[in-house]
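Going by the order they are written in, the chains are A, B, C and D; count residues from 1 in each one.
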Amino acid sequence: MAKLTIAQALNQALESALTEDPAVIILGEDVGRDGGVFRITDGLFEKFGGERVIDTPLAESGIVGTSVGLAMAGMKPVAEIQFFGFIYETMDQIASQAARVRFRSLGRYSAPMVIRAPFGGGVKAPEIHSDSLEALFTHTPGIKVVTPSNPYDAKGLLLSAIDDPDPVLFLEPMRLYRAFRDEVPEEAYRIPLGKANVVREGTDVTLIGWGPSMALILAAADELVAQYDVSPEVIDLRTLTPLDEETLVASVQKTQRAVVVHEAVRTSGFGGELAAVIQEKAFLYLEAPVLRVTGYDTPYPMTMFEDLWLPDTSQVITAALASVRF
Amino acid sequence: MAKLTIAQALNQALESALTEDPAVIILGEDVGRDGGVFRITDGLFEKFGGERVIDTPLAESGIVGTSVGLAMAGMKPVAEIQFFGFIYETMDQIASQAARVRFRSLGRYSAPMVIRAPFGGGVKAPEIHSDSLEALFTHTPGIKVVTPSNPYDAKGLLLSAIDDPDPVLFLEPMRLYRAFRDEVPEEAYRIPLGKANVVREGTDVTLIGWGPSMALILAAADELVAQYDVSPEVIDLRTLTPLDEETLVASVQKTQRAVVVHEAVRTSGFGGELAAVIQEKAFLYLEAPVLRVTGYDTPYPMTMFEDLWLPDTSQVITAALASVRF
Amino acid sequence: MTDGMEMFPLIQRLDEEGKLVGELGFLSVADLRETYETMRFLRTFDERAWNLQRQGVIGTYAPFKGQEAAQMGAVAALNESDWLVPTYRDWAASYLRGVPMEHGLFFSKGHPSLGDIPTGKQVLPAQVVIAAQTLHGVGVAWATKLRHEAAATVVTFGDGATSQGDFHEAMNFASVLEVPLIFFCENNQWAISVPLSQQMHAETIAQRSIAYGIEGYRVDGNDYIAVANLMKELTERVRAGEGPFLVEAVTYRLGAHTTADDPGKYRASEEEDLWIRRDPLLRLETWLRGEGQLSDDDVVAIDAESERKVEEILANFHEALDISPLVLFDNVYAEVPTGLASQRAQFEARVKEMGA
Amino acid sequence: MTDGMEMFPLIQRLDEEGKLVGELGFLSVADLRETYETMRFLRTFDERAWNLQRQGVIGTYAPFKGQEAAQMGAVAALNESDWLVPTYRDWAASYLRGVPMEHGLFFSKGHPSLGDIPTGKQVLPAQVVIAAQTLHGVGVAWATKLRHEAAATVVTFGDGATSQGDFHEAMNFASVLEVPLIFFCENNQWAISVPLSQQMHAETIAQRSIAYGIEGYRVDGNDYIAVANLMKELTERVRAGEGPFLVEAVTYRLGAHTTADDPGKYRASEEEDLWIRRDPLLRLETWLRGEGQLSDDDVVAIDAESERKVEEILANFHEALDISPLVLFDNVYAEVPTGLASQRAQFEARVKEMGA
């Protein structure tokens, strides 16, 4: 099996979707000849031509809004938003339009489309490029929010997102695009949406994350075992909404402790929702409050200081120990 | 003292701000001759003229974006967004622009501006008009989110919002605009932002809400006392962010129980954040999980069914009793 | 500076006095007689809907009175494989494309079926968010182009909508992608209380086409013959790959913005009077009478038939009110997710409890 | 259809060969000699910034090489009471308005001072979100109008930015409100990898002015004399209340989009070669040499002085790196809220712990 980066795995998924289904098209800024600023669509313009892989004008609402029309009329657009920070431009078209097509038409129409965007910090990108805004979309019924944390998941989840009959916001951890490689099967496999992944079983504390935070969590988990004799259970949500409450709650009922990790600012980050659900559904099991390791409540920092600002492994360890020793 | 509705109290606040400070201007769709679709700006165009009370073209990003420029150049714009559901159109200008002016310029510039919008359901308005999206903005450092629940607060909070050196999103409970009257002083008084209001002291359970939900909570509180011998403490947040954690946590440490009520859909509503904060800061005091009474995780319903969908007093009572009897 | 009125002269075939000043084009006298009947029915419906709101039967309603010729003309040349992408005011246009008229009432009632377009009818649900649908129109037209379908798409919107960023992005995308789309602006002179002169500085909406390097047209929107013929020509041209186009139909909202609005606050009655004389229905009537195609008795008969049809619509509407609120949960996603399913169960219990 | 090139002929005063084909206007030969020195310094800086990124001293940098005449001309006629609202690429324009050149490095470094414009200088922080600043420009100009200040505001943006909804809303607001604003488009032919012909269907950006009923101009953006004189005239006219205006400065991005970009992937070197011959710096140099205003020795001296200034900037830059990360918490709100204050304390402890 080939060892691929997340970037390569995504490229393979897109190529296979374009090959499998003539209704699939890719659109966005610089996704054509340039292959995308992160090269995720590299080679696809050359292979599938300018009718299937389209460089659009520079307008995000336009990209998502035309995708809604395309999808309602039977196509399966896969739109790229160059950086997730620019998603604000599209929020009406996502939340009031794409997410409501099925609801508004009592199921007569649907909007099977994927909006891909690189997200998260750590690559010293300019202002507005690194914001983690996933929580905003978890507040929008009608769309699914999906994010992979490794090459294997990247391919399998993206193919499922493209198959999905409803709009999917697919967030790609920018920092991990080329950070490491995994074995990725050649064939077009699917990983189901809406199911969290118990990456590592444990008994003492449940560590919960998604996307870019998984790298920190996994490193922290190793150290917790090795240095502190703590046995963490690690959950990668994969799909944020609709949330796989069962897996989450079952784990915390077992470990009786939970730590959520995300890069987004703390207040009203998705960690808040998870803490709320867990304390409600596992109240009598909890031996410690659900703790959150998150960004601070400031705008995403100027990148000179982003490494100081971003959650790191040591903070995850500290929180896990605080939970265990509560 | 005059007895005024929320609509009248807001109108009075705007009139007094326009009178006090020549830098204040009002802009938005139909805020001029028409006096706003809810008549909140009634008479102001006639009194202050078309230079201070401006009917803009139909473009929300334009309204907020020009307000950012106005504010950076020394004016104090008070912008109206006709219905909060259209706020999505402005999210880049709010979250990436207004909220970051001070941060981006290291304090050299600021954006003292107010964005007013009617919000919440219950008036059988068309699709997209009734959505409660306040949680989205609580995830944005740099702006303040304020919402009154009665005429007295409406005037005092709006005047503070206009005074504030930072951008304020000011949400007006549409359903309560003319629902009841309060004594409202003639003079221009202020109610501080960032402070929650303990509306009613109690010992058994803390009921937390804001804006339109306060009406339900207060009715439920009366019934809890009268029918169930439960003594609820009632908190009206007034300002959602920056959150007055002290007041909230102190109350729950006392009552050991909390119920949060909001109209917004449950998942990632601001109730999630509050539950997360409370369980973290008052873990050892809690006798029951923090419960949430909220909208369901669907798009805001077609209005034929909105009364069935919206939280009601009986749900608040049920949750309070569930908490007390947990 | 460009003189928009000069560059885009108003296209007219039937003038304000009901005098034919151009050809009938692809329309026969019989067509026009039928159009008159339909228009008169639509007027009857529109006025009844207004009253239904006043009686509390439905909620906020946006009347199209005065804009019938524009809306009917916009879709006059469409066929089954074409698409219509309308707004909250376009019930006349949608009706002609096969959307039952009760949908207009569903919309105002907040009935879950408001966007449940009959299968096979290529009409999108009415759009509330100003200009959002212009982008959907581009997407729909693009889809038909990608599938080589030779279909035309018509997207309708108001004058106020042209101020929105989405309108601009749609015009730009459409022109760059050369999609088979007609942007059809119902310039009814007002966006709630804001007159066109405060909505934009340009003289005409048609001249906005220049910004995108496409053709624009300004047509008398109260002249069905002119609008229909222009749309006949343009739909054929877009199907042949010559689109997109921008059409400004100059018309007037004779009524209030919606049942919640009071135009007395912001516009002069002289202006209203002026446009009452330009009424598209009156104009067609005058001409048909002049041609000997319409008598007083005919009008009485048409009104009776219109009333009958409206009663039928109302019956359908009332019958449709018996719909389970649980549908709210069934079309959020293709399948109800587990968490939502348990909320659905709670809702069901609540509904039972409340006897709703 | 409108021929944009014909309606908006390219305004030129100094042609590609460095031959004067128009008047100097308000500029003296001495002005132009000084402009050349500044332009050469700016070129030196720009190339050094590129190298600094390659050396890892700064992060992503967007070079302005090739656009110097456009940027310098855009602000040539501004005075202290005027405003500039720039983008991430407009360091040449900002510099002339009093923003120290190290801000360009701060921006690329992600240094908290990147938008800390010196007091008294009416320049907004560089904008990253495409076209967002066009609306800020409208607001700033509107503020000066409301205060009767007779000030001009210039907002700069790229060709790609004209596709954004915000650009349209800004043009429309500005024209309706008749604010003293000049929309200055640096049409450098590319938006990253997308050429103008795929960005829009219209021939020129200037013709977009027609959509808003305002005047538009198309000027050779590599001809400082033409740009500066046009802006002289237009700034005076906007101060007199005749604005807004749209200016399309036709130029070219000689370098990559940013240090993260490889133009080899998407554009032909012949095109680049063509524009290298149109280099604004070269053009001015040829003319000055022809006029006997510039010798080889002069150029050597200018280069030496440019290097010295760049070193000075670098020294300032390095000195400024010693800034506390705690500033991140101090400018979120005018006052640090309680909850944020406790986060600030945690951050402070973390910073100490990490020895940062």
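In this section, a residue touches a chain if its C-beta (ideal position, glycine included) is under 8 Å from a C-beta of that chain, and two chains touch if they have at least 3 such contacts.
The model shown is predicted, which means the values in this text are computed figures rather than measured ones.
Distance between Cα centroids is largest for the pairing of chain B with D.
Across the two candidate interfaces, A-D and B-D, the one carrying more C-beta contacts is B-D.
With centres defined as mean CA coordinates, chain D is found 36 Å away from chain A. Chain A and chain C have centres, each the mean of its CA atoms, that are 40 Å apart.
Averaging Cα coordinates per chain places chain C and chain D 44 Å apart. For chain B, residues touching at least two other chains, in rising order: 57, 59, 61-62, 85-86, 89, 92, 96, 103-104, 127-128, 141-142, 243, 267, 297-299. Looking at chain D, one finds that residues 112, 114, 129, 163-166, 169, 172, 176, 198-200, 328, 332, 339-340 touch two or more other chains.
Of all residues in chain A, only 29-30, 32-35, 37, 55, 57-59, 61-62, 85-86, 89, 124-129, 266-267, 296-299, 301-306, 308-309, 315 touch chain D in the complex they form. Across the interface of their complex, chain A is touched by residues 83, 85, 112-117, 119, 124-125, 129, 132, 134-144, 146-147, 165-166, 169-170, 172-173, 176-177, 327-328, 330-334, 337-340 of chain C.
Residues of chain C touching chain D in their complex: 1-2, 4, 163-169, 172, 175-176, 178, 198-203, 207-208, 210-215. Considering their complex, residues 85-86, 88-89, 91-92, 95-96, 99-100, 103-104, 127-128, 133, 135-136, 138-139, 141-142, 241, 243, 264-265, 267-273, 275-277, 279-280, 283, 286, 288-292, 297-299, 326 of chain B touch chain A. Remark: chain A residues 25, 51, 54, 56-57, 59, 61-62, 64-75, 77, 92-93, 96-97, 102-110, 141-142, 144, 164-166, 194, 242-246 touch chain C in the complex.
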